[in-house]
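Both complexes shown next keep subunit A, but they swap its partner, so subunit B is in the first and subunit C is in the second.
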Partner chain A sequence: MRFVDPRPHHDCQVLVIGSGAGGATTAAILAEAGHDVLIVEEGPWVEQGSVVPFSLEQMDRQYRAGGVTVALGRPSIAYTEGRCAGGGTEINSGLYRRPSEGTLERWRRQTTIADFTDDEFYAACDEIEIALSVQTVPGRHTPASERLRDGAAALGWAHDEIPRWMSYPAGGDASTGKRESMTRTFLPRAAAAGAAMLVEHRVERIVRDRDRAFRAELTGPEGQPVTVDFDVVVVCGGAIQSPALLQRSGWRGLVGKGLAVHPTVKLSARFDAPVNVVDDVPVHQVKEFSPDLSFGGSASQPGLVALSLSDHWPLMRDAVTSWRDIAVYYAAITSEGRGRVTAVPAMRDPLVTYRLTGRDRALLGQGLARLALVMLEAGALEVYPSFRDAPIVRKRADLADATAMFRAATASVMTVHLCSTVPMGEDRTRAATDSMGRVHGAENVYVNDASLLPDAPGVNPQASVMAIAMRNARRLAERLT
Partner chain B sequence: MSTGQRPFQPLGADGPFAAFADDLIERELPELAHERRTATVQFVCRRVRALPSPLLIGVTLLAVGVGVGRRLFGPARVTTFLQRTRLPFVGELARLVRSLGVAFVWETWPDTEPSGSDLTDAATA
Partner chain C sequence: MTPALRPHPAATIVTGAAGWLGTALMHALTAPASPWHREGVIRPLVTNRVEADALRALGERIEPVIGDLTSPATLVPLGAGLTGVVDVLHTAGVIHPRTIADFEAINTGGTMAMLALAEQIGARRFVHVSSNSPFGTNAHPGDRFRNDEPYHPYFGYGRSKMHAELAVFDAVERGLDAVIVRPPWFYGPHQPPRQTTFFTMVRRGKFPIIGRGDQMRSMVYVDNLVQGLVRAELVPTPAGRGWWIADARPYAITEIVETVGRALTAEGFEVTPNRTRVPALVGRVAEFADGVIQRTGRYQQQIHVLGEMDKTIACDIEVARIELGYDPEIELYEGMRRSIRWCIERGLEL
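Let's look at the complex of A and B:
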């Protein structure tokens, strides 16, 4: 990567704020089209392999607020955001799934997105899949993934393996994959085409003269003020930081109002043999009840196993010594609820809230019960649902008790998929940007990340984020030429 | 004019939040060695101080309340109340400490017994 030396002022044609799936793609496309691109990233550059995936050290170095970020509500929803070069692609599971044609049609209608064709979208997916080596595991899966698959198969429930953007050596298996994240793919591509990068600089505000923005005010790693003057700015800070920055800069309206997530509840399951792989996650998902519900596997570091048992610690704590035989799984729902991101004056971070609907709460309970059933069918000796005062499930008959005791308000609900806070489209009553990501009411301010999705895609969103980023960046490159 | 006193820091190492976290972890992992408990409380406090600002303000206010409560009613009663309460937000304080604490303990020392004692030490003995 071509890093820029810190200095008080920089100039560029296009400033890209954020270097995750949206920002890295945008920077590469624009730089390859011959534009002068500067990428600003709030977090550090951390080489792949220098920290153990899903560890507390990784959370310290690559997650915002050490991974402790919450959308307030009843219940509150814990979420995570990457805060490093490559953004969320450096820390997530690497699972990749195209959104369905039905989802694209829904998006098109919901906010009236113009010139948004399936053909163009899926052609972008084709490119992305080659660039990121998207593929299924060539050899054996992890034991935790096999257990999930076997449980679903025993019930006759639809399930499949989700491809990942990973590369494998010849003859490799799940344990030998290398993550093809943005620091290994699109950021080097951007650099090869001339883009420069400034890391550990936070953008505080975009300065504007009426509808035209011309400068970004940053804070450097030592707290020093830094400015960047630009012709065009593309905000790619993710679904929380992008709307917060726009609001701090004076763009409000619909910005930040439509936060959509896939809420998940978790359980851990203990088997009669080791299943725990500390640095990887299962790749199988159960899709029998998709799109409303899907089940998959989570990171299962021993600390995360202990965490999953902590909602009813006095009852469940004895299991923790068997963490090698335990894996953590999740039930994710498509939510009808919505949240909000609000920049509060004089506060560094935005206030994030989310409200689940009654249907969402019921679905979380159903999901947890059905996931527990999958685990029992997979041979789990004990299942530990993550909600306050949850019982241990050992047989099918216990599921009724667990379901009756479940209250979403007492569950540990979390999410890693955040989107829709600056939705794109021509309908100004529903969209905060035009169909290419230009903020309504701004001449030269664009958004190009998960914020643009009109709602949550119901599948892992990275394919959607990158395909839309690629489309919009190409349109912008044409416009600038 | 300086009074020579350190400013009151509710989330500092000597503040009421750390004292509450220490009490709670001692109760829930009673055999965790002192130095491990100290390291765990330091970790919990560090993570809490890094919370996003709206949450940080909320936890700071709660910590002030905890400090007042510990003086008025005694540390043990306050810890018991916070351990058991189901009140919105207030009830999340113990959950926050417990979840961060156990995550740190089992990631750092995976061979820890549920009581907090070291499994390898127990095996050796």
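Let's look at the complex of A and C:
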């Protein structure tokens, strides 16, 4: 990577803020089209492989706020964001799924996105899949993944393996994969085409003259003020940071209002043999109830197992010693609720709120119970649902107690898929940017990340984020030439 | 391919034979023109002499036994002196009881007593009629219960029917060949008076549609249920299986009310268009009240039914189609017309 030395002032043609799935893609496309690109990233550059995936060290170095931030509501929803070069792509599960044609059609209609064709979108997916070597596991899966698959199969429920952006050595199995994250793919591509990168610099504000922005005000690693002047700025900080930055810079309106997530509830399951793989996650998902409900496996290193047992610690703590036989799983829903991101003066992080609907709450309960049933069918000896005072489930009859006691308000609800806070489209009553991500009411300010999706895709969103980023970056490259 | 059926048993024991489903089943097993007509002894369990006499009229091989599910000694004659293959069709149950204690005593205790009897006489197969209630309600109108679902019992009835299912699985563990059919809300001839009230409410335009009315309900026409029940008896599946037995698809509440209205009109009734909409809140209040009342050991039918009316209870019958060859022939409109005609023939006021 071509890192720029810290200086008080930088100039560039295009400033890309953020280097995750949206920002890295944007930077590579624009640089390859011959534009002068500077990428600014708040977090550090951490080489893939230098920290253990899903470890506490990784949380500390590569996640925002040490791993967990919270959207307030009843219940509050914990969420995680990457804060490093490559953003979320460095730390997530690497699961890749194209959104359906139905989803694309829904998006097109919802905010009236112009010139948004399936052909162009899926052609971008084709490119991304090659660039990230998206594939299924060539050899054996992890035991936790196989258990989920077997449980679903025993119930006759639809399930499949989600491909990942991973490369494997010849004859390798699930544990040998190397994540083809942005620091290994699109960021080097951007650098090869001449893009420069400034890490550990946080953008505080974009300075504007009426509708035209011209400068970004940053804070450097030592707390020093830094400025960057640009012709065009593309904000790719993710669905929380992008709207917060726009709001701090004076663009409000619909910005930050439509936060969409896939709320998830968790459980852990103890089997009669080791299933825990500390540095990998299952790749199977149960799709029987898709898109309303999806079940999959979560990171399960010992600390996270303990965390999942903490909702009823006195009852469940003894299980911790068997953590090798335990894996954590989630039930995710497509939510009808919406949330809001609001920048608060003098506060570093925005206020995030999210409101689940009655249907969402009921679905979380039904999802958790169905997931527990999958676990029993997979041979789990004990299932530990993650809600306050939850009972241990050992047999089907126990599910009646668990379902009777479940309240969404006391569940540990979390999410990793955040989107839709700056939706794109021509309909200004619903969209905050035009159909290519240019902020309504701004001449040269673009957004190009998960914020643009009109709602949550119901599947792992990185394919959607990158394909839209690629499309919009190409349009922008043409416009700038 | 439709699975082949085993030969009829030499004797069939039918509990709840004077009930809604039981009566329909007895007719189906004995009427010469019925596709489910069978030879051999049939021993229906009834609660009194009037019911026994009515069933005896169906033929000499019908040997009613007057007994009480909560008193196992009274059930012994059901199995006495039978030779050859015996099947047990356990349709008895209480859905709107006097007190909550009746739920467990009859639905759970009665099932355990019948399971013990079936084990004693070495029954070929025991078919237990369960319900949707052990599984609660769907989270939203688009959801469908799959064949296998986690238990989430709906109040006292649901708990007692769940306990009955668990007793069936225990018996299977002990070696009994028992299976379960799970019908949702049923309709059709031989209906009890509360269903007549339903027709009357619809005819007067007074059926309370709670909320948007898009909540879905699986229903089963009683003859469809008879088909599913007999197939569950005669198809040689593994023991311990359970199947949803319902009409081909669930119906929206608004569709149910509209279809019943059409059926009544077609049968010559004057039907007032239904405009009785009730805010969703009323359903939630009724559900809450139902819970409070049931915790005190009592039961209030109207409150219970109202509390359930804003819920989706919808199931998927695909596995029954595949494993049993179950094919529900009657849909809502035709089923309701037959049901209304049955009421008219019996001079019931709608």
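The working rule: the second predicted complex is superposed on the first by the 481 of 481 C-alpha atoms of A that agree within 3 Å, B and C clash if a C-alpha of one lies under 4 Å from a C-alpha of the other, contacts with A are read in each partner's own complex, and residues count from 1 in each chain.
By definition in this document, contacts are C-beta pairs under 8 Å (C-beta built on N, C-alpha and C of every residue); 3 or more make two chains touch, one makes a residue touch a chain.
Source: prediction; values computed, not measured.
**Q** Should subunit B and subunit C be called a clash or a fit once both complexes are overlaid on subunit A?
**A** Fit - subunit B and subunit C, as placed by superposing on subunit A, sit side by side.
**Q** Just subunit B (first), just subunit C (second), both, or neither: which does A:Ala404 touch?
**A** So A:Ala404 only meets subunit C here.
**Q** Tell me the contact category for A:Asp292 with respect to subunit B and subunit C: first, second, both or neither.
**A** The answer is second: A:Asp292 touches subunit C but not subunit B.
**Q** Hey, in the superposed model, what angle do you get at subunit A between subunit B and subunit C, Cα centres, nearest 10 degrees?
**A** So the C-alpha centres give an angle of 90 degrees.
**Q** For A:Ala192, decide between first (touching subunit B), second (touching subunit C), both and neither.
**A** A:Ala192: touches no partner chain.
**Q** Applying the document's definition of touch, where does A:Val344 land relative to subunit B and subunit C: first, second, both, or neither?
**A** So A:Val344 only meets subunit B here.
**Q** After lining up the shared chain so the two structures overlap, which partner does A:Gly365 touch, if you call subunit B first and subunit C second: first, second, both or neither?
**A** second
**Q** By residue count, is subunit A touched more by subunit B or by subunit C?
**A** Touching more of subunit A: B.
**Q** Is A:Leu373 touching the first partner subunit B, the second partner subunit C, both, or neither of them?
**A** second
**Q** So, A:Ala114: does it touch subunit B (first), subunit C (second), both, or neither?
**A** In the superposition, A:Ala114 touches no partner, neither subunit B nor subunit C.
**Q** Which value in Å is the smallest Cα separation between subunit B and subunit C when the structures are fitted on chain A?
**A** Minimum over all C-alpha pairs: 22 Å.
**Q** Need the overlap of the two footprints on subunit A, from subunit B and from subunit C, as residue ranges.
**A** none
**Q** Where on subunit C is subunit A touching in the complex?
**A** Per the touch definition, subunit C meets subunit A at residues 134, 136, 138-140, 142-143, 146-153, 159, 162, 166, 319.
**Q** In the complex formed with subunit A, which residues of subunit B make contact?
**A** Contact set of subunit B toward subunit A: 28, 43, 46-48, 50-55, 57, 86, 88, 92, 95, 98-100, 102-108, 110-114, 119.
**Q** Provide the residue numbers of subunit A that touch subunit C in the complex, in ascending order.
**A** So the residues of subunit A in touch with subunit C come to 155-157, 288-289, 292, 359, 362-363, 365-367, 369-370, 372-373, 377, 396-397, 399-400, 402-404.
**Q** Hey, which residues of subunit A end up touching subunit B in the complex?
**A** 55-56, 64-66, 68-70, 72, 74, 76, 301-307, 309-311, 313, 317-318, 320-321, 323, 344, 347-352, 388, 410, 412
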